[in-house]
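Labels run A, B and C following the written order; every chain starts at residue 1.
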Amino acid sequence: MPNPPTPTRVKPSTLAKTLGRAVIVALLVLLALTFIFPFVWQILISLSALTDVDLLTQTGFPPALQPENFITIFQRVDLARYFFNSFFIAGWVTILQVITCSMAAYAFSRIQWPGRDKVFLLYLATLMVPAVVLMVPNFVVVLKLGMFDDYSGLILPSAFSAYGTFLLRQFMLTVPSSLDEAAAIDGASHWRIFTTIMLPLARPGIIVMAIFAFLFNYNSFFWPLIITKTANLRVLPVGLLQFESSYGQETPLIMAGSLLAMLPPIIIFLVLQKYLVKGIQLGAVKG
Amino acid sequence: MIGSKKKRVAIAMMFLLPNLIGFLIFTAGPIFFSLYMSLTDWALTKHNEFSTEPIRFVGMQNYQRLLVGDESVFFWDYLGNTIFLMIGIPISIAGSLALALLINAKATPQAPRIRIRAGVIALVIGAIVTFFAWLATTPGPLPDPASPLLEMSAEVGLTDKSLFEVARLRSISFTLITAVFSLVIALGLIVGSVFFRTVYYLPSLLASVPMFLFWKTLYRPRGGLINAVLDPALDTIQTIITSTPRFLWYALGIALWTAAIIWAFRLMRSGINKLVHKDAGAAAFIGRTALVLTMLITAYGVGAVLVQAPQQSMLRSGFTSLDRSQTQTIADSLAAEFPTADTAELNLIARNTDGSSPDDAARFFATALPDDALPRTRTIARAQAKPLHDGLTSGDGLTSPEWLLSPSWAKTALVVMGIWTAIGGANMLLYLAGLANIPPELYEAADIDGASGWQRFVHVTWPQLAPTTFFIVVMSVIAGVQGGFEQAMVMTEGKADTITLSYYLYNIGFSDRFELGLACAIAWVMFAMIFVLTIFNFRVGNQLTND
Amino acid sequence: MAQVTLKNVAKVYDKKIRAVEDVNIQITDGEFLVFVGPSGCGKSTTLRMIAGLEEISEGTISIGDHVVNDVHPKDRDIAMVFQNYALYPHMTVYKNMAFGLMLRKLPREKIDKLVRDAAKLLDIAHLLDRKPKALSGGQRQRVALGRAIVREPAVFLFDEPLSNLDAKLRATTRTELKKLHARLKTTTIYVTHDQIEAMTLGDRIVVMSDGRVQQIDTPLNVYKRPANRFVGAFVGATPMNFLEGILESADGRFFFVAGETARIALPAEFSSALADHIGNTLSLGFRPSAMREASPADPQDERITLRTILVEPLGKNADVSCEFPDGTHVLARIDAREDFPVNADVQFTLEMKHVHIFEPGEFGANLVHPPADILAPAAV
């Protein structure tokens, strides 16, 4: 009887494996700290008195905590107004985009009509055009339509998104067509199929699109900057920058305002991250 | 399929119309409109309700001005800045992949019970360590009046109270750091990959004005966190360098150069082989060459630092930015030198260029001067600025850079921040999805074939991720060409040589000149660049994913 | 209750792909009609035209007395069960079944009664509050069925409703479907690619291939009197054996001559049908069960000699794989016996009343046992 071949490769010992894993965890933790510590630092600044900032930098902790900063900032600058504007605008844009894009996506994915694929191709083509190309002509359009320095100029141009339409269409295509055929036989009209079958089934896609729309518009800076001049219409990014350029030395207040402005996206992400992560990955696979 | 054709069209239109109208007005229409505008002299200063001057069709004049005409000095410089900022793209993509690989290694415990147990143990140990951290560093309730520390503090002019206070705050800070550290470990163990994924992703979610404002304070040369950490670190490095033999640094630098050259040689050899054997096309070869060049340049830079380290000589040369009085001096001397120039305009430029680099300022001043005045203007501007004393330089040891204030460091500062924000963002999520989609059998087959960890990466992971990488590169390049405006606007106001093409477009179209036609031309030049780069990416991508 | 009539129906996709061609069928009230054919032959397309899910390119379809070409599916008084069941994943079983009734604005109590009755009938009453995700394949299938029957439509349409079930469940569900039909007596049109399903379920079978109807007949007739070679090959648990050869006549008798390998005398009953084909190339088709081991009493020229390759005992019977010297493969189903010789030359006899002779080509017509309605009194 020949001997069984001796294994040439020995599995790494459990010790080596554990060690390897420990190294990876250590790296993960260190990296996490490089992302977390700056924010801890920002919180510390925002809780310091203006006169203590130097000491804070020397020692790493302020001598006295001053949480009043988070109230003072509202008195020094119309932060409440900026918050309202940001939420109002991003909120409306989101609602309108969900309505217009989901309806258009339904027309592109569920109804047969001549020229459908050509029109959709046109939508796709515009996705390749960079945003800066649209900036100037849209500025003129808004000017001519009398929407300059007005909520409508901030909301309407973003209420129709080719990208959102594309995303939702891709999502609706994954819903089996036999479902709406069954519904049609059951007696449902297109509108009925859209509202009772498609919208509930495409909900994860719609949530993704809504998060994208909200965050993008909440963070948006360039467009609100050029399209508004009244202080009352300033959104958070514009308002904060304005405050910073006039009171640049008041670091604790600026940091407090900036922290407050970052809170909504953080909360949205923590609550809905399951959808968001899926959505980002979906956009790429299909795109 | 259902219902008659006519009715279907009617219904489809009902669904589509709300979107289509907006799409035509704000997306499809403006694209053509923009193309037309870029061929006109449309400027809001000339064409508004107070004037009847017609908008003139000027053909390719705007494009000509940008590329070779009066705007070209700005355009090419800003293009250079844009490209400089795009250097961050490959670095952050590689970083995203590294983060994804680390998370995907599933090194934290997976079974729920072990997870919680390990997390609780980490929490308890963390609490104990934190407590001792506090115990060991806290100065105690009452400073001993006889303590030698107090004598010392008296010497440096500190009162005992403030010395005590500093010690107390340092102790709290140290304790806080320990606590955060422990908490992160515990959370990482309990929640696992989702925790790390969330933490890494958050910065990219927040990449907007509030966060840029925050980074602006981090970058303050004095009083900013970054230099507060960097200063002592550089001192340490300085000590190490001066206390070690000189040849060691030479050797290290030369070793690095040698390694880079050997590696570059090998990469190029296999690239040429592939090209000759038609395994990959020319575009892939160009891409590979570009990567090798990047690597060589980086290696050269790092090696140069090492080789020069013992001499404590300069790493970068440049000028400080000009302050208000310096720009005024320049304006005055220019007014004296060019009697034909409009003094009021020069003064206005002097006011606007406060904080610019001398070269930037020179370009602006030159716009108010005769055509051939630029070289002379530059000399005058440079003479005003103090040379050097700029980051990692100076004769008496290494000092931290001035970051956003310094024309030679501001772009680097933006790149560093960009990497910090983007590295854990969407790209990392895409890589995670890509990794999850690699069939495990491939790794098993590679194991059976006896592949090492690195070989598994080269022969399984990387090729399987090629489509993901391709998508990421395409999207990053598209964003990169358009990028830089918000960061520069918030953090440098365009000073310190940080104006990118999108910032340029803002300046031309919406800020000082309102030349909408020219702004459109800038946009279309950017589009052309994106288009060419994307096509190039597609060719490389096709060649690589078809291997 | 209603009859369904298809007149010259055709389907053209994208102006050029002719998926269904010239279908004419009269489905009587209460009939169970099965469309069968290989995948891609146009069964589903035909069914979906009846349902109104596809436009009818040519011809007319009537349900009851009305031409329904332009009628919306919901107004055709039909119900359909899909291959993937198409249950609304976000609705409970109850809502799935009630949805169509709700859209028809039936009173609440009526809906409740109909749904619960149907659920009881199908033994899914205990599942009404679940969502489809929480059901097994068989249960989903029943819910899909339930959703169809609560509507009490004039016509049931089924598109391969059993093909997602495992073999055992498929068999039992088949029986239940048959019982259900016997009880409800609703006109039913059923699409399958599985000929056993077709044989067991259908009152009549429509065999389709390449978008064309090949034969419409009762299961037994389709089996015994296949209209053409395709039907013969497609229908039946074991595929028909075919021999290619030439028809010769000698001494007033007909012989089927397959080259060197066989020369088979044909019975006198075939003569009139074959008279015009002397000297032509034809194919001889016979099922494995039409063969038996030759006994000495059988006339020599009705025997064929084959080399046995493999014997698969099936219990009472055994399947024997054999070959002609030229390699043509033949399967024989014989009475099982222990010591059947393998790798030997064995003589088999063909039972002539189960032998078919087809014209050449895949769709060559059956010359000797044509379907009754084509050549009514003749033959046998």
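Operating definition for what follows: a residue touches a chain if its C-beta (ideal position, glycine included) is under 8 Å from a C-beta of that chain, and two chains touch if they have at least 3 such contacts.
Keep in mind it's a predicted model, so treat the numbers as computed, not measured.
Asker: Of all the chains shown, whose C-alpha centre falls nearest the centre of every protein C-alpha atom combined?
Answerer: Taking the mean of all protein C-alpha atoms as reference, the closest chain is A.
Asker: From subunit C, which chain is the farthest off, judged by mean CA positions?
Answerer: With centres defined by C-alpha atoms, farthest from subunit C sits B.
Asker: Could you quickly compare A-B and A-C and let me know which has more C-beta contacts?
Answerer: If we tally the contacting C-beta pairs, A-B comes out ahead.
Asker: Where the CA atoms of subunit B average out and where those of subunit C average out, how many Å apart are those spots?
Answerer: That gives a centre separation of 68 Å.
Asker: Could you put a whole-Å number on the gap between the CA centroids of subunit A and subunit B?
Answerer: Taking the mean C-alpha position of each chain, the two centres sit 20 Å apart.
Asker: Averaged over CA atoms, how far is the centre of subunit A from the centre of subunit C? Could you give it in whole Å?
Answerer: 56
Asker: Of all the residues in subunit C, which ones touch at least 2 other chains?
Answerer: 52-53, 72-73
Asker: Which positions in subunit A are in touch with at least two other chains?
Answerer: Each of 181, 184 in subunit A touches at least two other chains.
Asker: Multi-chain contacts only, two chains or more: what residues does subunit B have there?
Answerer: 1-2, 5
Asker: In the complex of these two chains, what residues of subunit C are touching subunit A?
Answerer: Spelled out, the residues of subunit C in touch with subunit A are 51-53, 72-74, 78-80, 82-84, 86, 88-90, 99-100, 103-104, 147, 151.
Asker: Under the stated contact criterion, what part of subunit A meets subunit B in this complex?
Answerer: Within the complex, subunit A touches subunit B at residues 8-9, 20-22, 24-25, 27-29, 31-38, 40-42, 45, 53-55, 57-63, 99-101, 103-104, 106-108, 111-114, 116, 119, 122-123, 126, 128-141, 156-157, 159-160, 162, 165, 181, 184, 190, 194, 215, 219-222, 225-226, 236-238, 240-241, 244-245, 251, 254-255, 257-259, 261-262, 265-266, 269-270, 273, 277, 280-281, 284-285, 287.
Asker: List the residues on subunit A that touch subunit C in their complex, please.
Answerer: Counting only subunit A, the residues touching subunit C are 176, 178-179, 181-188, 192, 196-197, 200-201.
Asker: Which of the residues in subunit B come into contact with subunit A in the complex?
Answerer: 1-2, 5, 8-9, 11-13, 15-16, 18-23, 25-31, 33-34, 37, 99, 102-103, 105, 107-108, 165-166, 169-170, 172-174, 176-177, 180-181, 184-185, 188-189, 195-203, 205-211, 213-214, 216-218, 223-225, 228, 420, 424, 426, 429-430, 432-433, 450, 468, 471, 478, 481-482, 485-486, 489-490, 493, 502, 505-506, 509-510, 516, 519-520, 522-524, 526-527, 530-531, 534
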